[in-house]
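Just below sit the structures, each encoded as structure tokens.
Each of the next two complexes has chain A plus one more chain, namely chain B in the first and chain C in the second.
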Partner chain A sequence: MSEKMIHLVIDGNKTSVPEGTTLLEAAKAENVKVPTLCHHEDLCIAGNCRVCVVEVDGWRVLPAACATPAMEGMVVYTNSPQVRRARKDILGLLVSEHSSQCTTCYRSTSCELQDLASEYNIDNEIYINLLKNEDYVVDRSSWAIEKDNSKCIRCQRCVRTCAELQKVNALDVIYKGADMKVTTFFDNPMSEVVCTTCGQCINRCPTGALTERRYIDEIWEAIGDPEKHVVVQTAPAVRVALGEMLGYEPGVRVTGKMAAALKHLGFDSVLDTDFAADLTIMEEAHELLDRLKRKLVDGEDIPIPMMTSCSPGWIKFIEHMYPDHLGHVSSCKSPQQMFGALAKTYYAKRIGVDPKNIVSVSVMPCSAKKFEANRREMNDSGHQDIDLVCTTRELGHMIRQAGIDFKKLKNSKFDKFMGDSTGAAVIFGATGGVMEAALRTAYEVVTGREVPFDGLNIAPVRGMEGVREAAVKLENVLPEWSFLEGVELRVAVAHGLTNASQVMEEIVIGDSPYHFIEIMACPSGCIGGGGQPIPTNAEIRQKRAEAIYTEDEKMKVRKSHENPEVIELYKDFLGKPLGEVSHHLLHTKYTRRERV
Partner chain B sequence: MARRKLKRVDLIFSKDCSCRDILADALKKPREEIIRMLIESGLKGRGGAGFPTGAKWKMAAEEESNRKYVICNADEGEPGTFKDREILDRVSLKVLGGMALCSYVTGAREGFIYLRHEYRFLIPKLEKTLDVFHKWMDELDLDFRVSLFMGSGAYVCGEETSLIESMEGKRGEPRNKPPYPTSDGYLGKPTVVNNVETLVYTMMIMRIGAEEFRAMGVEGSSGSKLFSVSGDTPKAGIYEIEMGMTLEDFVKEFGDGDAKAVQVGGASGFCVPRKRFSETHIGYQGGLKGFSLPTGGSMMIFNSSRSMYNVLHNYLDFFEEESCGQCTPCRVGCQQLRKGIEAIKRGEKSHKYLNDLLRLSETMKLTAKCGLGQSVANSFASIVENFREEMIY
Partner chain C sequence: MLRQDSAVKIAVEKHGKERKHLLPVLQEVKRAKNYLSRSDISDVAAEMGLSSAHVYGVASFYHFLDLEERGRNIIWVCKTISCYMKGANDILLALEEALKIRLGETTSDGKFTLLQTNCIGWCHKGPAMLINDQPYTDLTPEKVVEIIHEYNQ
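Right, the complex of A and B next:
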């Protein structure tokens, strides 16, 4: 297909771009970085910060490069005196409504406004500080997300994230003019509004206005307490992103260094959420087969498709938005919570520590995990199963704070027990990974053979398309699964809650063709989670995903049911998947929530 | 060019014509002929921005779409403007006639009057007129229906893309342009948004012909226009006058003998001091010697008892509140200008700070997303530059 090309001149260089290209993109193609704040690759164009203005010959005004398409014959200047002056004024204005206490800001050194203010040599004194006392009140009501209006520059990236990517609309703009601000429904505390705590807004906030609620100090305190035995687990997606906090390019796997760093930090047991991910697969695959049996053989009214339950942002979403369909969600706890319930029961007993002295910490790519850990029902061990959750970012901060030269660390291994994992567990970190891991196990349980995909890689469920589907035909099944003979197991994978609601709408109208659906709240799955290093964009997430699949390839064991520790756990403690102990410790119930 | 005196005109409110007959005659003409007449007449949008009406209709007519819309912008919110209210109150059939004409030319089958919230008292009367109008449409065999849409009181919704956003149920905030409403307007469809007065003039051009209309006014600013005269004047009210008059003639006619400044075009317009009255014309840029200032009709006269600091402060208060808050230059800039002049007045900032503020207003003019933020500099710079001492002392 031949695209119409537009010819223009950017800073004296003749160039041509396909029709529809913005001036921002056209400049980028010429290796000119026009500064932006409200622009984000994942989101629609807003054109409201005006930092990206450029000069165009013959134009009365300076158009915003992000929102102006290249037009035939345009002569564009991205760094003319007029442009420099205008940008400097605009940045000065933004600084005047922004709390510039950078020294105590969590986003200092990763703040886009700070970077530009420094680049443009902004004089903080020129404009009058517009902040009012009440602007400095930080909303810390949520377990997961802190909102500091004094740092908001009203770029509305969070608003667009919540609306476009997540279809939640927890954040929106209220009032106009000088009073205009970004806030929640009726300006209510974050904990009282329909917010899934997914944290995607945090990932796209250019400043420190939205951050995760931090538990760094509590974790240090626990580590420093000689009475406490501090157990730490790290989620699959952390190991392919943590490096970005510590000087590596995106997509570098730092599993061994991360384990070493955690030991340096002083955690008593450095364990792996991946172990619990394998356990989740055992329970979830059997739950799926059990549901199918009860539906097909026993004729029970069991909701099919079954949907995954690993993503706490997704869980809160369905609780708010589709409370009548909670029966579709697997009763399996997420790997974090399975791990937590075991850490203070089986593991405590095994290492001979009183569970009340165990502090269970998890490092997650996620902000919603903070909320999940604090759900009332998550105390099946007799204690709060997970005490403290920190994000990949917080761990990066702790490692830097401890003065660890991360790049020079020697690789270390996770401790035993609950440190062993498989390739099936690590791919939990990418969208489609839970599905792939579950299929590797479920197929083998039913047929006694490995999934019929090249090298165990179930390509149709991989990738970044919003909703993907696949089908696996079950043939020559083992005798006890004869009711599944010839059944085509239909599955779907969705990531990002806008895509999730698309899948849900089919269920609502009773027209879902699937047996099993994996949903991850965040775009690209946990690798794009709300606790991951900032910035985020499709390219970075793709690199993290590639790292995840490489990690899988490198593992000796790549199927959850072959994890030796999981096998041992069932033999020693749980009995069998969906058994009584599992039921008590590893499964949960969901709560109907209001939509407003 | 010879100096022109004020020339009163009586087109808009004249009763000696049948709207229905004008429309019936016009509908016999080919569409291209009507567009040609409008272009030849030199009619420019009377809301203030002055976009050539014929060109706008032509663009919408040339768009291919199964749906198109005509919107009458009756969100008259510019301080000091009250002409559209009068038009809708007295000659609303002429407005509807203009919309029907536009419907015929562009192929739009649906129209709306976006009515300023404060004008809701007009609703019963307008609804009755609409009944008459729709009967005409049936008789003239034109598939066109008009309904009322109520604004909610935001000034920025007079800006056409904000108006459209608000009609779509969203926050009234301007869109990025391009694309323009003539291609992507209401519900993404080609849409013509015209001011109330503009629509009446399209009808009047059909009545008197392009030649006669063009014979009024001056080169580049043809025809006549309604002016809302207010402030220190013994003759506040609405007057239809030929374009191109000088402020000197205007003040002679309407002033109280002590006029020190005229604010042309409302809060978003320019303030002209007495010493510039003779060289300032009312009209669009070009074609006139000296200064020419466009206006949506607002003409506010201030006499020597008025503090221009208070006038400016009042405008800035207005903009600070009426900015949609979306873009940085307008949201923050308005606050800084207001706080800035306060600080200078109180002596907390040096008078030299006025220069920083002037530069800021220039940046707002160059970089704000819509006409609101861009035009704050008009009144700010013209008042500060001409009455600098009043800002300081």
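Right, the complex of A and C next:
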């Protein structure tokens, strides 16, 4: 393939780039970082903040590097006095509209505007502060997301995220010119619009305008209360990203240090969501087989394909967007909520603590889990099943607040019971992981043999392609599953809600070729979740995914049905998958929601 | 469910459901109802498969797609510099006096709303104003009183 090359000069260095390369990318290839605010690798070009302006010989104006393609013979200066003056003015103007109370801002030290203002020495107020004339109220209506327009610089990364990656458009640009602002339909509170609480906007907001609702103080209070027994669980994707909050490069697994840190923080029981993920697989794999039996043998009108239910952002999305198709969603609660229902029933009894004195905390890569924990129906234990949810970011803050030197911690292990897990559980954190874990178990239940993939690694469902599919032929099945003999089980995986919509549209027109579909609301799955360390991009998410699969490879047990604690739980308490106790504690129903 | 004869249904039927049809649809609904209410906007969004916030954003961008309930006749007095220099302010004062309302208000009988607009392209015949879609030019304070009188007939 012969790609046309463009020759240009950047800061005195001759270079050539393929046609279509922007000046921003061309400069990056020359190891020059042009500052950006509205630009984000995951999103389309906006060119509205103007921070990336550069000087081009013979051009009257300074073009935005992010939105200008390299052209033959261009002579570009990325750091001339004119460029610096312009950038300083632009930053000064942005700061004049921004509530610059950095000492009270959650994003302080991880704010892109703060970084640039510091880099360019915006050390006095050049422009009149426009904020003083406005009365801003922080929208804290949502369980998951806080929105503070006084910190918004109108770069519209959140708007593009919500539209392009998630196809939700809960946020959009309203009015124009000086009045322009980013808001919801008629400024409705975030809790009353189609927002799925996925938090992808938070991950891309350059300032503190969009943040997760924090529960750090409540967690400290609970830990400090001698009456309370505080149980903590950590989701699979947290252990491959928490390090980024504490000085590690992306992709470092810190499972042992995380367990040690949680004990140090003072949690009474340090347990693992992965245990509940294995349990979810047991219930979900059996639900799939049960649905297939009822459809194929009993001739019942059961919705197929079945879709996964682990991702609360996805659940809220389908409730808003496709309320007529909720029957396709597995009735299994997510691992967080299965864990919650067990912590205040079976576990409480096992450790001899009154469930009303248990405070159940979960650490999630997710903002939507905060919403999920507060859904009205999530109290099957007789109490609110999960009391407090914090993100990977919040846990990073807590570890820093406690003065723990994280890098020097010795590895520790999760406590028992509900601390054992398998490789199948940890891969829940990456897109395709739930599917892979479910297939490892479902195939073995039906055939009595391991899945026919090299080393249990079901490669076709892995990767970062938006929608992926795979087929597994069921042969020589066990007698009780004879109706599945020769059936080709067809599955699909989608991540990001725009991709989820694509899969849903096939279901709407009755043309879905699949039996089972995994959906994760966030791009790349939970490793790219709305509660994960900022920044995010494809490269960082890829590193986290690799760490997840390494964690799986290193586990002794890699199939959910072989988790010894899960086996014990069924023997001792639940009976069997889809049994009566499971039905009461581990399964749920969904709610139709409006689309405004 | 929307009634088949609702303004939104009729507009979407007439112009189409694609994203590019959004502006004509909003203009059509505004013509029929004189302004775009909250439910008009969410109905348009639902009919066209768009997000309500997005349709709200588009509607709020254009002054002529009103988001507030207005009088049956909307008077837009040009506020741009050419008309201003030819006495647009006197026109505005004469209208306020004749209608007994201030700029931005609606008469108590719901007949008129008085607003300003940016340039409407009649600079050579300023001062100018629109009443609904009809331009009036070379205005004088006396002339506008007569025009209002005609609408009151």
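The criterion applied here is as follows: the second predicted complex is superposed on the first by the 589 of 596 C-alpha atoms of A that agree within 3 Å, B and C clash if a C-alpha of one lies under 4 Å from a C-alpha of the other, contacts with A are read in each partner's own complex, and residues count from 1 in each chain.
Methods note: a contact is a pair of C-beta atoms (placed from the backbone, for glycine too) under 8 Å apart; a residue touches a chain by one contact, two chains touch by 3 or more.
Keep in mind that what you see is a predicted model, and the values were worked out from it rather than measured.
In the superposed model, A:V168 lies in contact with chain C only, and not with chain B.
When the two structures are aligned on the shared chain, A:F185 is found in touch with chain C, with no touch to chain B. Applying the stated contact rule after C-alpha superposition, one finds that A:K176 touches each of chain B and chain C. Of the two partner chains placed by superposition, A:E469 touches none, neither chain B nor chain C.
Contacts of A:E546 after superposition: neither chain B nor chain C is touched.
More residues of chain A lie in contact with B than with the other chain of the pair chain B and chain C.
Contact with chain C, but none with chain B, is seen for A:V596 once the two complexes are overlaid on the shared chain. Of the two partner chains, chain C is the only one touched by A:V193; chain B is not. When the shared chain is aligned, no partner comes close enough to touch A:E218: not chain B, not chain C. Of the two partner chains placed by the overlay, neither chain B nor chain C lies in contact with A:E506.
Note: residues 173, 175-176 of chain A belong to the chain B contact set and to the chain C contact set alike, using the contact criterion stated above. Residue ranges of chain B in contact with chain A, taken from their complex: 154, 156, 171, 176, 178, 319-329, 331-336, 339-340, 343, 356, 359-360, 363, 365-369, 374. Interface of chain A with chain B (complex): residues 45, 47-51, 53, 61-62, 64, 67-69, 82, 85-86, 89-90, 93-94, 96-97, 126-128, 130, 153-154, 156, 173, 175-180.
Residue ranges on chain C touching chain A, taken from their complex, read 38, 41-42, 45-46, 50-54, 56-57, 60-61. Residue ranges of chain A in contact with chain C, taken from their complex: 163, 168-176, 183-186, 193-194, 595-596.
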